[in-house]
Amino acid sequence: MSVHRPIGEVILDVQNISLRFGGVKALTDISFNVREHEVRAIIGPNGAGKSSMLNCINGVYVPQDGKISFRGQTFSHMNSRQVAEMGVARTFQNLALFKGMSVVDNLMTGRNLKMKTNIFQQAIRWGAAEREETANRAFVEHIIDFLEIQAHRKTPVGRLPYGLQKRVDLGRALAMEPSVLLLDEPMAGMNVEEKQDMCRFILDVNDEFGTTIVLIEHDMGVVMDISDRVVVLDYGKKIGDGTPDEVRANPDVISAYLGTSH
Amino acid sequence: MLKFKPLASAALLVASGLAALATAPAAFAQAKEQFFPVLVYRTGAYAPNGVPFANGYVDYLKLVNAKGGINGVKISFEECETGYATDKGVECYERLKGKGATVFQPLSTGITFALTEKAPIDKIPLITAGYGRSESADGGVFKWNFPLAGTYWVAADVLVQNIGQKEGGLDKLKGKKIALVYHDSPYGKEPIPLLTERSKQLGFELQLLPVTAPGVEQKSTWLQVRQNKPDYVLLWGWGVMNSTALKEAQATGYPREKMYGVWWSGAEPDVKDVGEGAKGYNALAMQHGAGRSKVHTEVLKLVHEKGQGTGPAEEVGTVLYTRGLMSAMLGVEGVKRAQERYGKGKVMTGEQVRWGLENLALDQAKLDALGFAGVMRPISTSCADHMGANWARVHTWSGKAWQFSSDWIEADAQILKPMVKAAADKYAAEKKLTRRTPEDCQS
Amino acid sequence: MGFFLETFFGGLMAGMLYSLIALGFVLIFKASGVFNFAQGAMVLFAALAMARFAEWVPHWLGTDSKLLANGIAFVLAMACMVAVAWLIERLCLSKLVNQEPIALLMATLGITYFLDGFGQMLFGSDIYKIDVGLPKDPMFLFEQTFPGGVLISQEDLAAAVIAAALVAVLALFFQKTSTGRALRAVADDHQAAQSIGIPLSRIWVIVWSVAGFAALVAGIIWGSKLGVQFSLSQVALKALPVVILGGLTSVPGAIIGGLIIGVGEKLSEVYLGPSLGGGIEIWFAYVMALLFLLFRPQGLFGEKIIDRV
Amino acid sequence: MLYRENGQFKTSYRADQQIFPIRQDRVVIVAFLALAFVVIPGLASEYMLRAILVPFLILSLAAIGLNILVGYCGQISLGTGAFMAIGAYAAYNFNVRIEGMPLLLSLVMGGVCSTAVGVLFGIPSLRIKGLYLAVATLAAQFFTDWAFLRIKWFTNDSSSGSVNVSGLQILGWHIDTPADKYLFCLGLVCVCALMAKNLVRGHIGREWMAMRDMDVAAAVIGIRPVYAKLSAFAVSSFFVGIAGALWGFVHLGSWEPAAFSIDRSFQLLFMVIIGGLGSIMGSFFGAAFIIVLPIVLDNLPYWFGIPVDTALASHLTNMVFGALIVFFLVVEPHGLARLWSTAKEKLRLWPFPH
């Protein structure tokens, strides 16, 4: 597949990030960048620090050294709220959905940055709050249609099958109308059909909304198919970066995956 | 309504409960007997003190019935457990009121405060013998409250006087240190205004040492006592706080002879398990002390020997038991007095009982007849004075028993009267009430 | 200075007693993840049993040897506590596995009501006496160094020593015995423990019995200090700040926490109290715990949690 | 059969977002309100009104407040009694110190003050979690208990530290008969309940629930934990404060700090748990259960005319109450509200389940 939209400028640039938990080194001196509209994959064996990388970008973890710059602004560490406001959305490896809430409510929660009415207006609800609610509900319904989960609107997400929960997770991210979408293993534990559906969704998002996508994935096939450029991490270090073909040819990567001792 | 059907058992229980409650009180309104509500606490933190009082109270009512009732009117009564909790007390009040109650004895300062607001509306008098709000002695404002036989201000004043006697004259108190170790609640704080007044007048230094209820942990309090070495300690506790205080006093070596308790801190449960450790500790005997007199023998003969005794027979004659007897007697006498005006052998209403209590005239002869000779002094109330008597005695724990250690002492009216009036007026102002007119007093 | 020491020692000894009760909380939380509000009720129940049996045994056996009476009473009371533990496990815990903590907490409050009622119904609600011969009168140290010397309440001292001994015993029990190891295993991971064949239900009965034992000892000490009656269950409230300050899962935490709270509240009441009007120690203890938590949200010795996504 | 929603189509999101989307529910609720406002004041006995319904209403309101905090935002609090106390005493001070202060206004101001303090004591929740927070909230409980006993200003220098109010009236409507009190509470509670419902189904409510279910994810999608948690504390203590003011003004009339002791906090927590976490309706169920059950148990002997010793009776009451609590947590940990909804699920098919 190819991307219709032209790859643009660098919008997210990660410079020399290092992260430690006590003695454990999760990330060491990682640098890479993401261009507008591209699909960027981060791969690597388990425990390579992929998720930690995203957590740094989201401001969930605070790296000890390094910088992250986004659309020219540079931060030594990110603040989750700020990141969200700048239009970065995120899905999670081990489903971080709001289990107690229905599908609609989960997606509506994704709209929270768009909801401006204050607490008093909401207490009265009649008027502004209700209008806002309805408007955003309409938007969320589009996403529900797009992800083909109409049937499950009112179901508490806890009761949905895994594959659908993954979709809701993606839906919640899309509800934020992101310009950058961080996907943490969106296809983990899915069967072939589900994976194909998910790939379709991702590419559609990328096509239709021109959303930049940063993707963590284990399934090499998928990665090589849909991504424009790939970063390879191993033991918290970057061992490869480039187009799928370049990465495929990179000896370090091969050894990391085929487990040759270094 | 179908929707309610599948709701589980408990919800149904609640629903049926509500239904039943709606009808319950009505079913109990019977008119041929004089109904006495009995608010008690036989459980919880204050049970050790609550139980003997309740037994005495009930035993007296049984005694009256055994002797043929009030001029032939039998007494019916029902207990309600308050656990010394205000909201539970209010619930009891509402419940028993619905069953024709004509006089309440709340038996808790907190409940008294709450009921003081409700009683005038429901036209039911409150007897708070030896507790409640001190300013309610002023019948001009508190038409429905009867703190018969003494308030906390009386108690505090008598204690100060007794200490004065020990020192050889009130003037000797100048420069002395007196600490008040009190239950941190409205009950414990009642005496403070009077003591402050007295300390100004007599020039002794007053120290306030609150103890958080229920008072199981008093180490720091008594460390402070040890630190500033007061000449006397007044103990204003209730329940476990009293015995704990005595034990801490022993543990910190404070002389028990220098400790003076209020009449709620001077009963057997307070010293029983301290035993020798409390030897020499003094406390007010409200009017009565421990020990048996004619009324007790009557109770034993006519109630206990008939197998009707509420508690164990050996309890008869203990301090709180006797206070129970006395409180019940005051209520009954109120009804009796009312009958003298509104018709002997009739069942009195709340308003009639109120009149009876306001015109109580228990002279020595009457007391002797009732078997209360030596237990208490005469009491006579009036529109202005709802207290009726402001005398008390002090008794001392010998290690085995309570023995009187002072003669009758009368609280100083010069001090009390103005304070009561001032406080009552403040209350009236807050509530936008006007004092009762003389005509109203006649009614 | 002398007085400061007095207060300080007083605090230490009071603190030791708090830790004794806190210990009950910690044991149960470690092994079954239940925050056991019923600990106070258990103390009361145990104390009531002890006091009443000590009263009744002489009548039953016709002996008047205090030692024998107390001995037998202790055994009987302990038996009661084991029975209680067993019932709680059977009727309550086993049915509530994997509920969220708050439901369990509420369940223990339910147990509290039940025990309060049951205990008073069986043993009466009067004030009773436990006499295990703890010395009542004070003693004075350093009388030459400070005027008036430093007063130490012998009763508290004895109590503190007993408490310390008990703590040591429990520590040994946890470290050395196989049951102790099993307990720690369960504490670390229920499933894993079960999978290597540790019977959860038995472990829980044991833990609750041990907690019952701690409650009994606490009950005896407090009982002989205060006399046995309902308010005894209130001492649990004094132990709560200790538990969170020390960390819900840490035995040493309970000890250190107890001492800190004990000393802290006594000093505060004596030196800060007068200027604030007194009666501050109970909330001061909680505020103190709160301040500690602001720096270590999982208590002094609790495990740290890193949330992963 | 009767309870079928099929054939009811929502043609707008607005229609789909109302509180009771199903027609039968609306019918029942309207009927129920009519009963509460019109029938009950006429029929119920004075005891019923004063000793059961009024406390029930007031504590339901408090339970709603607590439920917002515990049920919706997942922050356990054992200090609810404290916030009731603050509401009550603050309202009292506005009432006595400002001449001609309207009753409603002083009640609301009571709520506002308790809100302020609530936010203050909510700050630790940003750092302390779960049971640690629960116990920490007891600091609020004991501190207020102390403050209202010790600081004379709060009690208008009353010698005993106990305060009282009377002559309640709104725009000439004197609230003194039990029926008046009942109606006043009922009205106020209905309004507050509606507001609470609107909040929890609005986006602030979703932010609270998000914090409860998965705080990290919530932060990542742009919810500020500080705002979400503190607003929950604020709203919660506002309702609780108003409830406290009502408890003092309408139910007790005269009160001391002991009326808002730690037992009150536990009682409210019971209501929330038994009623159902995260359910406004559940708060009412819980309150009804916890208030009425002990009274029913107390009264049982008298109804059946069995003379039971008072002490024994109340011991039994305690035991049964405790046992029932446990029983409930065992059979339905999600509370009466859940029972309610499962009942409704069943009713959809009833009487033809297949």
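By written order: A, B, C and D. Residues from 1 in each chain.
Everything that follows uses one rule, which is that contacts are C-beta pairs under 8 Å (C-beta built on N, C-alpha and C of every residue); 3 or more make two chains touch, one makes a residue touch a chain.
Just so we're clear, the structure is a prediction, and the values are computed from it rather than from any experiment.
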Reaching chain D from chain A through chains that touch each other, fewest steps: 1
Chain of greatest Cα-centre distance to chain B: A
Chain pair with more C-beta contacts, B-C versus B-D: B-D
Gap in Å, rounded to a whole number, between the CA centres of chain C and chain B: 36
Distance from chain D to chain C - Cα centre to Cα centre, in angstrom: 33
Where chain A and chain C are represented by their mean Cα positions, the distance between them in whole Å: 50
Contacts with two or more other chains, residues of chain B listed in rising order: 42-43, 47, 51, 184, 210, 212
Residue list for chain C, restricted to those that touch at least two other chains: 120, 125, 277-279, 282, 309
Contacts with two or more other chains, residues of chain D listed in rising order: 146, 149-150, 216-217, 220, 311, 314-315, 318, 324
List of chain C residues in touch with chain D within their complex: 35, 91-92, 95-96, 99-103, 105-107, 109-118, 120-121, 125, 237, 240-241, 243-244, 248, 276-280, 282-283, 286-287, 289-290, 293-294, 297-299, 307, 309
Touching residues (chain side chain B, partner chain D) in the complex: 1-3, 5-8, 10-11, 13-14, 17-18, 20-26, 28, 40, 42-43, 47, 51, 54, 78-81, 83, 85-87, 90-91, 94-95, 97-98, 109-110, 113-114, 116-118, 121, 133, 184-187, 189-190, 192-193, 210, 212-213, 423, 430-432
Sites on chain C touched by chain B in the complex: 3, 6-7, 10, 14, 120, 125-129, 136-138, 151, 153, 155-156, 222, 225-227, 229-232, 234-235, 238, 265-266, 269-270, 273-274, 277-279, 281-282
In the complex with chain C, residue positions of chain B that touch it: 42-45, 47-48, 51, 184, 208-212, 214-217, 219-221, 223-224, 226-227, 239-240, 243-244, 247, 250-253, 269, 272-274, 277
Complex interface listing, chain D residues touching chain C: 70, 76, 124, 127-132, 134-136, 138-139, 142-143, 145-146, 149-151, 215-217, 220, 262, 266, 269-270, 273, 277, 311-312, 314-319, 321-326, 329-330, 333
